[in-house]
Every structure is written in C-alpha cells, then in structure tokens.
Amino acid sequence: MNTAWALIILPAVTGLCSLFIDSERLRKNLLVVVAFLHLYMSLQLCNGSAGELDGVWLGVDHLTRIFLTLTSLLFTGSAVYSMIYLDKHPHADGADLAGWQFLRNRNAIFVACMQLFLAAMSLAILSMHFGLQWIGIEATTLASTPLIYYHRNRRSLEAAWKYMIICSVGIALALMGVFFLAKTTTQHVQLFTPAGLVLFAGYLKLGWLKVAFIFFLVGYGTKMGLAPMHTWLPDAHSEAPSPVSAMLSGALLNCAFLGILRIYQVCVAIPATAAFASELLIIAGLVSMGFSGIFIMHQPDYKRMLAYSSVEHMGILATGIGLGGSAIAGALLHAICHSLIKAPMFLLAGNILSAFNTKKVEEVSGLLKSMPFTGMLWLAGFLAITGTPPFGTFISEFAILKAALQTRSWTTAGLYLLFLLIVFIGMLTIVMQMTLGRRPDDHADEHHHHNPAAKDHEQKHEKHHKHDAASAVSGSVIDEDLLQIMTPVIFLSLALILGFYLPEYVRQAINGGALLLGGAIL
Amino acid sequence: MQQFLTAILVITCGGLLAWLTGRLKTLSAAVGTGSCIGGAALALIPVTEILVSGGQTAEMVFNLPLGAATLKLDTVSAFFSLPVIVLGALSAIYAAATCHHDKHECGGYWFFYCLLMASMLFLTASANAILFLMAWEIMSVAAFFLIIHRDEIASARNAAWRFLVASHVGTAGLFIMFAVITSQCGSFEFASFIRTPVSAETASLVFFLALFGFGVKVGLLPLHVWMPDSYAFADAHVSAVLSGAMSKMGFYGLVRVLMFLPVHAPSWGWALAFGGLLTGVFALITALAQHDLKKVIAYSSMENAGIIMMGLGCAVLAGIWKVPSLAFAALAGALLHVLNHAACKGLLFLGSGAVYFGTGTRKLEAMGGLAKTMPYTALFFGIGAAAISGLPPFNSFISEFMIFLSGLQAARLGTSSALLLAGVILAGLGLIGGLAMATFSRTFGLVFLGASRSDKKVEPRESGWLARLPMAILVLAIFLISLFSPFILIPVTRVASTIAAASGTIFTQESAMLNIQPVTVSAAVSFFLALFVVLFWLIRSRFFSAGDIDNRCTWDCGFAAPDSRIQYTSSSFSQPVSEVFSSIVRPYRHGEKVAGFFPAHASFRTDAPDSLLRYLYIPLFGLIDRAMVPLRALQHGRLHLYICYLAIVLLALLIWKVVAA
Amino acid sequence: MNSIATLLALSCIFLLGSSRLLMSIRMVAFQGLLLGILPLAAAGDGHLSLALIFLSLASIALKSILLPWLLNKAMVDSGTRREIEPFISFGASMLLGLFLLAVSGWIVDKLQATEPVPSPVTLIAGFYLVFSGLLLLITRRKALTQTLGFLVLENGVFTAGLSLGSEFSVMVELGILLDVFVGIFLMGIMLFHIDREFDHLDADRFNELSDLEIAASPDEEVAE
Amino acid sequence: MISIHSVVFFILTLLLAPILPGVINKVKAFFGGKMGPPVLQLYYDIAKLMRKSATYSQTSSLVTRLAPVVIFFSTLGAGLFVPSFFREASCRFAGDVVLMAYLLGIGRFFMVIAAMDRGSAFEGMGASREVLYSALAEPAFFCGLLVLINETGDLSLSGIFNGLSLELWRQNPAIMLLIAVSWMIVLLTENARIPVDDPNTHLELTMIHEVMILDYSSKDLGLIEYASALKLWLFSSLLVGLIISAGAVPPYLHIPVFLFGILAVAVVIGCVESTIARLRLIHIPKFIVGSGALAIIALILKIAGN
C-alpha cells in the first residue's frame, strides 16, 4: 500500500523541487531517475498480491496493472527521449509571468510538470474511490497544460487555452456524474469504489446510475477524445513538444478511458444498465472512428494525423468495450498496443520535425533516404498502427471484429471495417508521401514528374530513371542520435512481440480485466 | 514439417543477413540468393515426398494470443508451394545476376524478397485462420516494399499505393469471411471449419467474400486495377514472383475455402465460370492495346487467372451434377494450368527484364530486331510466348486442352445448363486462345523481329549467362511438363482428388484415365510433329544448292528504300482490335492529321489505360474525397462552438435516455 | 435552503444579462458566498460538524475572495472593462436562460419521477447553473468571461452535489476544491499571457488551429 | 487407333487437296466469261516453285525460314483428325478437334511472326488483321461443334461426323442450317476468301493472307501454298460431312458422293466470290461475329429444345 502512495507522492515532490533546481543537468537526471524509480516501483506493486489491496482509496486490480505499468513505461521512454529533446531546445527564459520569478525558466517548468503529470496519472489510475479518481484526472489536465504551452508562442497558447477550457468543462461534468453516482447508493457509502458498488448491485437506483453514466461518458469522454468532444485533441497534440504528445496520447487518454471503464464496471453488474451503457459506448466509438477517418484523409499536418489516429483508436476501444464478450479483452490488448505504438510514432514525428522543422506533410519527402532509421521506423509504425500483422494491433482488431460478428451486429462490423479502411488509406497516402521519393533538396524535377498534364510521363521516367537512381544514392544523410531511435525501437518491438506472444503476466492482466468488465477471456 | 519450417527460417534469416550486409552489394546478393536457393532445396524435399508418395501430411502446433494454431503440410499446400519454391529460387538467381544494374542500396530489397518468399511458403502451410491472415498480410506488405524499390518514379509510387490499398480491401473481405466462419464454429482451426456444418446462406456468404478477397490477388475482373502497374514498375524478377507465385496464393485460398464448405451451390460455379470468361477476354483486349512490354505480360497473367477460374467453376458445377470425369478434367486442368502459368510467366517476365536491361526501355514502340543482338533471350521469350498462347507442343496446351475436354464432356451431358457451361467454356476458351495468340505473336514480333525502331544508336547487349540460366531452366521445365504430362498428371490427380473429396466427389480410376489418355495422345502427336519439323529443318539446307539463295532488302511492293520507320508499329498492329472493342478499351489517340500534298511532320500514337480505372475507380475515389471535404469544416477552430458540441451531446443524451425514456 | 437556490438562479439570470465585467465578477463572487453557506443550510438543524464549517469557509475564501481578486487583476491589467456584443445578444441570452431554467426543471422533474431527491429546487438550480455556465462559455467572446462561465459551471456542479446530499469525506472535498482553485488560477495566468501575446482577450479570435485547409491532392489523383 | 485403310484415305486427301483452288478459279473464270487457268494450275505452280531459287530479305531472321516448315507440318497434323470420304480419320481420340484447331493455330502463329520478321509495311498489316479475324472465328466453330457433340454424344471428330444422320436435319433443320451457314463463313474467313479477303487482288493494302507471304519465294512459297490448299480441303470436308451426313450415304457411294460434295463446296465458294464484292475492312469483323451469332443462336435453340 505504501508503494502505491509512494508512486503518487514521489514524483509530485520531486516535481515541485525541480522547479527550484537551477542546474539543467541535475534536473534532467532527476527526471530520468524518478522515471526509472517509478517504473521499478510500479512493477513491484503490480507483481504483488492479486485482487484489491484495502481498496477504499487506492487499490490494485487487473485494470490498474495494465494501465499503471503502461503509463510508467511510456513515461520512462519519453523521459529518456526528453533528455535529448531539451538539449535541442536550450532553456530560454520566457518573459516574466506577472512577477512570479520561479515560473521563468520553461525547461524547469517542463521537467516539473512532467513529474507532476506522472503523479496525477498515477493517482488517477491507482485510485479506486470515484472522487479521488476525479481529482486525479482533473489534476492531469492542470499538470499538462503548461507542458502544451512549452513553446511559448501564439499557436501553443491557443492550443493550451482550448485544452484547458474544454477539458475542464468536461471534467466538471464528470464531477456531476460522480455526485449522481454517489446518489445511486444508500445515503452514506462506505466503499465508494467500483467493487464496492458492484457488491450493492442489486440495490442501486438505475435512474441515477444511467444519468451518472451519461455524465461520465460526456465528461471523461471529452478527456479521452471521443468525437465530437475530441476537438481539443488535435490542437494539443500537434502543438505540444513531442515527448509530451507521446504521453498525452499514450497515457493520458488511457487514464480517461479507465475513468469510463470504472463506471462501466458498475453498469455491467446490472443487465438493464449494461445494455444501455454498451449501446452508448458503441455509438460513441463508431462516431469517433468516422470523424478521424474524415480528418485523416488529406491531413496536411503529420502530427495532427497522429492525433486523429488516436481519436480513431479511442473509438476502437469504446466500440470493443461496448461489444462485450471477447471484444473487451481485445479492447484491453488494443489499448496496450496503441500506447506502445502511438508514443513512438510521436517521438519519431519529433525527430522528423527537428530535422525538417516543418509539420507540413508535403514539405517532407524521401525520409527513407535522408533519415533511414526514422524513415523505416515511421513506416513500421504506420503498419503497426493500422493493424498489419504480425503487430499486436492485428490480433486485437480481429478479436473485436469477431465478437461483433458473433453478436450478429452486422452494421457495427461493417462500419468498423469501413472506417479502419478509410483511415488506412488516408495514412498510407501521407506516409508514402513522407517516406518515399526524393529528398526535398532535389525536389526540382519532382514536380514535373508529378505533373498530371504530362501525357507521356511514363517516357519521362525512362529518361529520368538513371539520374534518379543516381540522386537517390548520392547526397548527405541527416544523422540520428541513438537516444532518438532507441525508445521507438524498443516500444515498437514490444508491440511486435505482442503480435504472436502474450507474456503470462499480460495475459492474466487482460483476462482478469476482461472478467471485471463482464467480458470473456481471450 | 520440420524441414519445411527450417526452409522458411533459412530464407528469413538469410534475408535479415542480406539486409545487414546491405552496404556490400555482392555479399548481400550472395547471401540472399544462397538462402533462397538453400531454403527452396530444403522445402522441396518434403513437398516432393508428399506429392509423389502422397498421403502422409505433417503437422505442428503453435501458441498464439488467440489460441493454439496448426501448421500443416498436405498435398494441396505442397502443390501450391511448388511455384513459390521454383520461381523463388530461379528469380533469386536472376536478381543476383542483374543486381549490378541497380544503383540503389539492395540490402532491404533482398530482405523483403526473402520475406515474400518465406511468407508465401508459410501461407501454404498454415492451417489456422490467424496464421493464414498473418502470412497473407506479410506477403502483401513485402510485395509492397518490393514494388516501391524504385520510389523516385511517381508512377511507381502510384502503383505501389494502388497495390497496397487494393490488397488491404481484399484482406478486409477475408477478415469478414474468416470472422464469419470462426463465429460459426468458435475455433480458428481449418480442421474445425471442415467439421462444422453451416447453413446454405452462410456458405454462400463465405464463398463470395472469399471470391472477393482472393479475387483481388488473382486479378478477377473489377478488382485487377492494381495489377498491370505493379507488375510493370516492379523489377523483372519481382514481377515474375508476384505473377507466377503470389497471385497463385489467391487460388490456393479459393481452393481451401471450397474445401471448407462441403456443399457447393451452382451459383458459385456460374460466378467462377462467367467471371473467368469476362476476366480473360477483358484482359486480352486491353493487353493488345498496351505499348509497355511488361504491362502486356501483366494483363496476360490476368487472362490466365481467368482460364483457371473457368476450370474451377466447371469443376464446382460438375461436382454438383455428380459427373466425376468432367469434374476431374476441369479441376486437374485448372491445377496444372497453375503450374504451367507459373513457368511461362516467370520465363516471360525474366525475358522482359533481359530486354529492359538490354535496351533500357519497356516501350514496344522503341524495340524490334532484338533477335539478332539477343538471340538467347529471343529464343526463350519466343518459346514462352508460344507456350502461354497455349500452342502445342508446349505445356499450357495440355492444361487448356483438359479444360476444353471438360467443356466437350459437358456438351455431351445434354442438360441445358451443361450445354450453357459447355458454350461458355468452348467458345470462351476459343476466343481467349485466339486473342492470346494475337497478343503474343504481336509482342514477340514487335520486340524481337523486324528492324529496330529505336532512334538511339546504342547496341542492345545480351544478358550474361547467369541471368540466362533461370530462363533456360524454365524452358526446360516447360518441355518436361508437356513431354511427360501423363506422369506430371499423377500428383495433380492426387491433389485434385483431395480437393474434390472434400465436397464428396470421388474420382475413380477410369474417370481419371478417360481424360489422361487423350492428353497423352495429343501430347504424343504434337511431339511427333515437332520432331518432323526438326528433322525437316535439319535436312532443309539440302534442298537449296549453293547459288540458290540471295538476300535483298524487303520487297515493299517496289518501295525502293525501306527503312525501320515504315514498319508496322504496336499502335498500328493493335488498331483493328481496338477498333472492334473500342467500346471497352477506349484508347486515347494522340497525333495530328496528315494534311496537304507534301505533309511535313505527322505522328500518331495511341495508349489505352485500364478503362475500369479511368471510368470507375478514379471517379469513385474523387467522389468520396469531395464528399469528405465539407465535413472538415467541423474542426473550424472556434472554441465556443467546440463547447457547444459538448453541451449539445450532453443535452441530447439526457433528453434521449432520461427524459424521453 | 430553497431561498439560497433561488438567489443562485437569479444571480445567473443577472450574469447572462450583464455586459460589465466588473459586475459579472462580483456576481460570481456572490455566488461563491451563497455556495459557501449552502452546505450549512443543507445540514440544517443542529448537527454542524467542524469539518463542514471548515469546508464552507475554505470554499468561501477561494470562490468569493481569492479567485475574484485574481480575475479582477487580470481584467485591470488587460484594461478591458465590458463584454463586447456576444454571439447572442444579452436580451436573447436572458430569454434563453429562462428557457434553460424550464428545461432543467423538466429534467429534474423526470429524474424525480423515479427517485425522489431531498430538495428538488436546489437540484434545479444546480442544473440551471451548469447550463447557464455552458451558455456563457458558448456565447461570450472574452476569455475572461469564459473563465467566469467555467466558475459558474463549477458552482452549478457543487450545488447539484449538495442538493443530492452526496458529500464525501473532507479529504476528497478539499482535493476537489484545490483542483478547482488551481484550474482557475492557471486560467488566470494564461489570461495574462493571452493579453500579452494577442493584446486582446477575445477568445473568438483564436482560430489559427483548424482543419479547414486541405493537403495537395495526393497520388491517387494523378492521371495515368 | 490408326488403320491402313484410313491412311490410304489420308494420302488421297493430300493428293487431291490442290484441286480445290483450281476449281474455284475455273468457276470464277466462267462467271467472267473467260477460259481461266486449268484446274490443275496449283500443281503446276507448286512444281515450278519447287524448282525456283529463293530470295530472302536481309532483315529476316530464322523465323522466316522456319515458318513454312511449321505451317506445312501443322496443317498436315491437323489433317490427321479430319474425317474425309465419310470414313474414320487416320487418328481419332476424345477432343482431337481441339488439337486440330490448335495445330492450325500454331501454323497461324508462325505465319504471323514470319510476316513481322521482314519488318515490311504491308505484311504487318496482314498479320494484324489475320490474328483478329481468326480469333473471332474460333467461337463460331466451337459453338457449332458442341451442338453436334450434344447430338451425337461423341467427343472425336470422326465419331461426331460418322454419327451424323439425316434424322438430325429432319428433326431440327433450323439448327443444322444455322451451323452450316456459320461454318461456311468460318471457312471463308479461315481460308482468306471473298468477302473477307481477296486472294488475287492487286492492292496489298486490302490483302490479308496474300500480303503476309509477299516476301516468300520458291520452296517456302510452295509449302505455304500447298498448306493453305490443304486447309481449304479440310474445312470443306467438315462442311460436307455436316451437310451430307454420313448416315445418309451407302458405303459403296462414299467416295463419289464425298468428291461431289467437296467440289460442290468449291463451286459455291466460286459463285460467292464472283457474285459478292469484298467487304470493307471495317465491316469484316461484324461479318465474322455474325457467324458466331448464328452458331450461338443454334446453341440457344438447342438449349431451349431440351
């Protein structure tokens, strides 16, 4: 139990301290040390006794296991990455913020808020008490807003403001949901936790439970990025520094997702509400997938593309949970794979951004030649995120589809596949534009290749061919730092392994979680 | 089984090694080729065992996230892995021989080549839906990376894009298909698919989904649009493998699915037969209008897919009508044609590669007279061309003959539907055969005969012996298959009976002999004739005494100074055909009218891009794009309205679920 | 208790109508005060726990003193005095406010049909505050007013919570209060930044980030 | 499978084949009110060609020299399966018709590539037309054939044509007539006769068969001329077999009746050639497809019949 509290308090304290540390190196090292410490402790906690600890405030069940391990793994990754990221952005003093001296150094704020962010997420994941969980999730918003505003320019300010307002409103509604949920039980709840409420399942007042679920769905759904409440997501993800985007998409969304899972856990205990909740979740999921499809097609900004892909995957998760049965296990597996793939994608996007310093897709090309590793990983990540075997996403998506067909919900299955296809096509077009072709420097004749008017462009290829091949091999290669590549490689290979081998630990966690949510084991 | 897996492993690891050693071109080429050949040799042992001795099948069980999965090598998978093994090894040799032409860094190229080969072998062996889909997707992805090898070329990128999108759409179909079956029987194992009975509707749903999904790979009529460009822009040896081996995997899948479903419906047979007919005819009339050597060959592989499909359709119907001999002729013909097509198509693509390296172009308009400078390539390509047009005494004739035979037997059957089937097969194959003959006589003539049409004065050079070796081997294979067709038909019979047995059709000895005997005779007769030709050719010079022969310039009806420019070009050759089928092919015509008494400069050129692409797919995708654009206004960046969405959703849900309820 | 709820509702209608920022801030502060004494009223006859009093004092301190002061400072620094004409005119938004009052009445009525609540009027007020908070957020142009709107929303949530009589242990309540405070605090800081970057506080003019423009049409369009 | 008896008839066929063109030309001369060349003219021509010295184009390659041999032997091979004189063909087996068609096909293949081998302006023209027309003719031939198979229940040419009897004509004359007409058209197409092609026009631009062999001389030309005469004979004997069904003729009358029939066919061709003008090139495909249409109608009638 103490470990659990330590997991929350340690990063919080160190975070606050690092506001006042002056040496850049010390701060960064602290960040990494805390990350690894957190990872170590959370692994210990999760390997410990199964089921809940005392579970009034904090507790560890299978869902916690999945998301806690995932979060601190991702945090470690992006902490390591942000070492080099901060080197690339030497700390510049922001103008003074209305006289608060200690808020001047943006790198200090970055490091501090990263750790506070971790603390908040740990709280959100570990807390069993609905109120405590709400505090945690709200805290994540507060901790991450300064991170999004890291670059201190208009765009990032706008993104941060939108993020702040929309998420706070959403979360406020979730709080109302929490109050309603409290109302469902007999006046004074001893155990205001999912497990506690499930014990009372027979006596819960369905009317209030439904209202509560609606508020939870809208509130936490906003944070999770379910359409049409996802509107903050692309802005925040595209403007935030890459390691932060990685955390937002890989870990934060999961926390909000967990928030919804917790009340769903209560809902499934009662048949009537179970059907009600599933219906809403499936609708929300499909709508999100559709939205992301629309915006990924011809998306001019590759970080926004990743953001919308996150919206899509949140949609997949919601659909999977809503479908029930073996789809729930599939959804949980999918959550793991998505985090393991999306985070490195954002980090790679960071590499590309720092090399080409543009977020425009059409200004990036020939990655495979100019940044071979990043380019190859970018392609691999694309294949992984679109559910190409042997990556884990393939297994999870297939499991969800199978469940959809088993429950005879043809329209769901059809739309699900259609949206997956649209997203695939959209991302493929963008990724090919970025990775293939010549480097921008010898773009000159690229255009009159492209020129559709040229009737006999085939002939041109013949002419250009030799020279193309020559220019393809000649030319300089942008050097890539080991730290930039290592994290993505590790995460992607983990996602790859999940494709054909589920470690017993993961399998137990997933199956246990699925059972908690009234699903079938994988 | 162990041997087979080791082979796959060897190939994959060899590929990885080749990638790592990518900087050293020759080394990585050596590693890649070596692993491909070694793996092929290893895999060939169990495959031949199973095919020759028959019966015993090897199994092995894996553990996957979604439960245990079986790898199984039975006669059918062994048969379909043959083209992969042979073509894979031969094309690898060819690639090694020609890789010095390639200025790119080839390590990754080798890796994906090996991956493609390995995944196809794995595919044939996988007896589990998940494994199958995995292998299927890896295969497609590997092929994609092979196609984008020359990614500086915009059209190559388009081709690759189209390929991957098409194969993904197809795979979506397969996803649903397998999900439907598994939701019926709960397990992902093929064995359990066969055991569980399904309702007629489900069976039809499954079959048509499979036809869609696998049809994309084999190039069934409306789904073929990825094919020509991908084959054209990939390197020769890659196109050889894609066309000869990968597209055959589609047929493997189709056959498997037919084996899952014990009870077939007539509609499937008709769909296959008519689909095959339309595919074949469309492919050829489009091929005749092409001016890109490799596109012609690509369309012809679509045509052969059509022929195979007709055979399968006939077999399905015959199975329903309970006419074993008819079913046997059709099925064995189709299966044999798979092998034959692989051999011919490999030969033709490799030959086209040799031509490309020799002349530096793929355009028929710029070729001609290569027979003099590249005699071997000319010989090999000529044999390939004659073979793929199904002319005796070459191998494709044997398989087409068997399918014809099934048509004739259907005609004898007498029922109306049988007559209709016979009409489709006989008339269809007749037309297809004629058009194929037209296509390949045109291609061979334009490329190798006459005088050179190209204006650049570089002398085309024959490719090295190492590059010619695979072609020679394939030619040998062509002759062996046709010469020893009765013996080749023994394993084919075994495979065919395995497939037919799944749907309850049993081939008796005489039902097989009924078809094998005529095959033997016709093979023998055509070989005797060939023998006569050769003998006569040997003594031919005796008839001409020394002074008897003199050489002049071509007698162009008295035109004194003929030169290469007055030759018939590919456009003019295809003109009559495009004229007849102009409603389908719709070639573009470029060039100005000849005017005045002494016309100065005039030129004429046609090209015929795939009409389905032009009139169906590009407009369709454009439409979808345009439909999506207005919706993007939803993300307008106005905070107030974003919050408005939130409020609306909240109110809507409250009113819908709480107040209204 | 009902009287307090009524006051809250009235203050909302006033907020919807007023164009002067200073007045709006004061009105929100007044709401904070009311909200602070609401739990005491709810607890009613006799058993006032020490924790309860402490909580209400804390919330009064935060919501009706600290935050208004912060916002006031922001307003003064930015030198904006009054809200420019919103998307929906003040009169219209007042009418809309009345309509929302009706809606929340309706919803609460429906909710009550299944499960009775201790004080429906307070719950109505809670819903009404939430809705009008949203309305403020949606219709007002100034970032400052949006912050106010958010505060109103929060107040609404708390009112609803109190009306349902579902209060948690002190620790949770404190945590919630802390979160709200930090949130508004951050918003305040950002207001300064917005003022410095854009030298205006018009949130409706932030729409640099959008998906309205489209990438150059990709490969599949290229004619063969 | 092969009997001395049938070999004799096969040799007889080979000997008589070159008469047909002679007969046709006689008929045409008669219509033109001329004497015309003797009936045995083709024999003389071939004999003369065999003695002449050869000329080859410099652009030509081995293909030009190989083609005549292949054409000759493939036609010969095709002849093995075609029953003449209402007797067994010298070689029969199930589906031999396919082999026959494809043997003619390989002959055509070589004819075409040889034509392209000289790189001349005109021969390619002929080639491009030849391949199209022959391809269009195939379905007509096979459709007709499968109706006959359905009637006789045999899969070999000999079997089919010996199985035919007047009964068929009596039962469903329409079908038989349609087949006969469509096969007549096929014959005209395959053997390059008017209205598809004009063997002795003097304008190469409109030729098909003749223009492909412009560059041949001496023994090569002789072989080709003989092969095409033989081809004409084979197709005519199929037509005769169809119209005068074997069942209707008593064995001792086989030879005279067959000879009469085949001459009649030649006369008919002659009449057609001298009465009808050559079609314009753009109309020829319709003409051939028309024959296919007739055959298909026959098939449909048959299907409707049972």
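Every chain is named by a letter (A, B, C and D) in the order it is written, and numbering of its residues begins at 1.
Definition applied: a contact is a pair of C-beta atoms (placed from the backbone, for glycine too) under 8 Å apart; a residue touches a chain by one contact, two chains touch by 3 or more.
Just so it is clear, the model here is predicted, and its values are computed rather than measured.
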Message = According to the touch definition, list the chains common to the neighbour sets of chain A and chain D.
response = B
Message = Closest chain to the protein's overall Cα mean, using per-chain Cα means, please.
response = B
Key: Pair of chains ranked first by number of touching C-beta pairs   = B-D
Task = Between chain A and chain C, tell me the centre distance in angstrom, where each centre is the average of that chain's C-alpha atoms.
result = 29
Message = With centres defined as the mean C-alpha position, give me the chain B-chain D separation in Å.
response = 35
Request  = List the centre-to-centre spacing of chain A and chain B in whole Å, with centres computed as mean CA coordinates.
outcome  = 42
Remark   = Cα centre of chain B to Cα centre of chain C, whole Å, reads 67
Task = Quick one: which residues in chain C touch 2 or more of the other chains?
result = 111, 134, 137, 146, 203, 206, 208-209, 211, 214, 217, 219-223
Request  = Please set out, as single numbers or ranges, the residues of chain B touching at least two other chains.
outcome  = 154-155, 157, 161, 165, 625, 632, 635, 637, 639, 643, 646, 654, 658
Query = Name the touching chain pairs, would you?
reply = A-B, A-C, B-C, B-D
Inquiry  = Help me check something: in the complex, which residues belonging to chain A touch chain C?
reply    = 95, 97-98, 103, 129, 131-132, 134-135, 138-139, 141-142, 145-146, 149, 153-155, 157-162, 164-165, 168-169, 172-173, 175-176, 179-180, 182-183, 187, 192, 205-208, 211, 234-235, 238-239, 295, 298-300, 304, 361-362, 429-430, 432-433, 450, 452
Sites on chain B touched by chain D in the complex = 368-369, 371-372, 382, 386, 389-392, 397, 401, 404-405, 407-409, 411-412, 414-416, 419-420, 422-423, 426-431, 433-435, 437-438, 441-442, 444-446, 449-451, 514, 517-518, 521-522, 525-526, 529, 532-533, 536-537, 540, 543-544, 547-557, 559, 562, 564, 566-568, 572-577, 579-580
Ask   = Where on chain D is chain B touching in the complex?
value = 1, 53-63, 65-66, 69-70, 73-74, 76-77, 80, 91, 93-99, 101-103, 105-106, 108-109, 112-113, 115-125, 127-129, 131-132, 134-139, 141-143, 145-147, 149-150, 153-155, 204, 214-215, 218-219, 281-282, 285, 292, 296, 299, 302-304, 306
Query = Residues of chain C touching chain A in their complex?
reply = 77, 111, 114-115, 117, 126, 130, 134, 137, 143, 146, 150, 153-154, 156-157, 160-161, 164-166, 168, 172, 175-176, 178-179, 182-183, 186-187, 189-190, 192-194, 196-198, 203, 206, 208-209, 211, 213-223
Query = Along chain C, where are the residues that touch chain B in the complex?
reply = 87, 103, 106-107, 110-111, 131, 134, 137-139, 146, 203-204, 206-212, 214, 217, 219-224
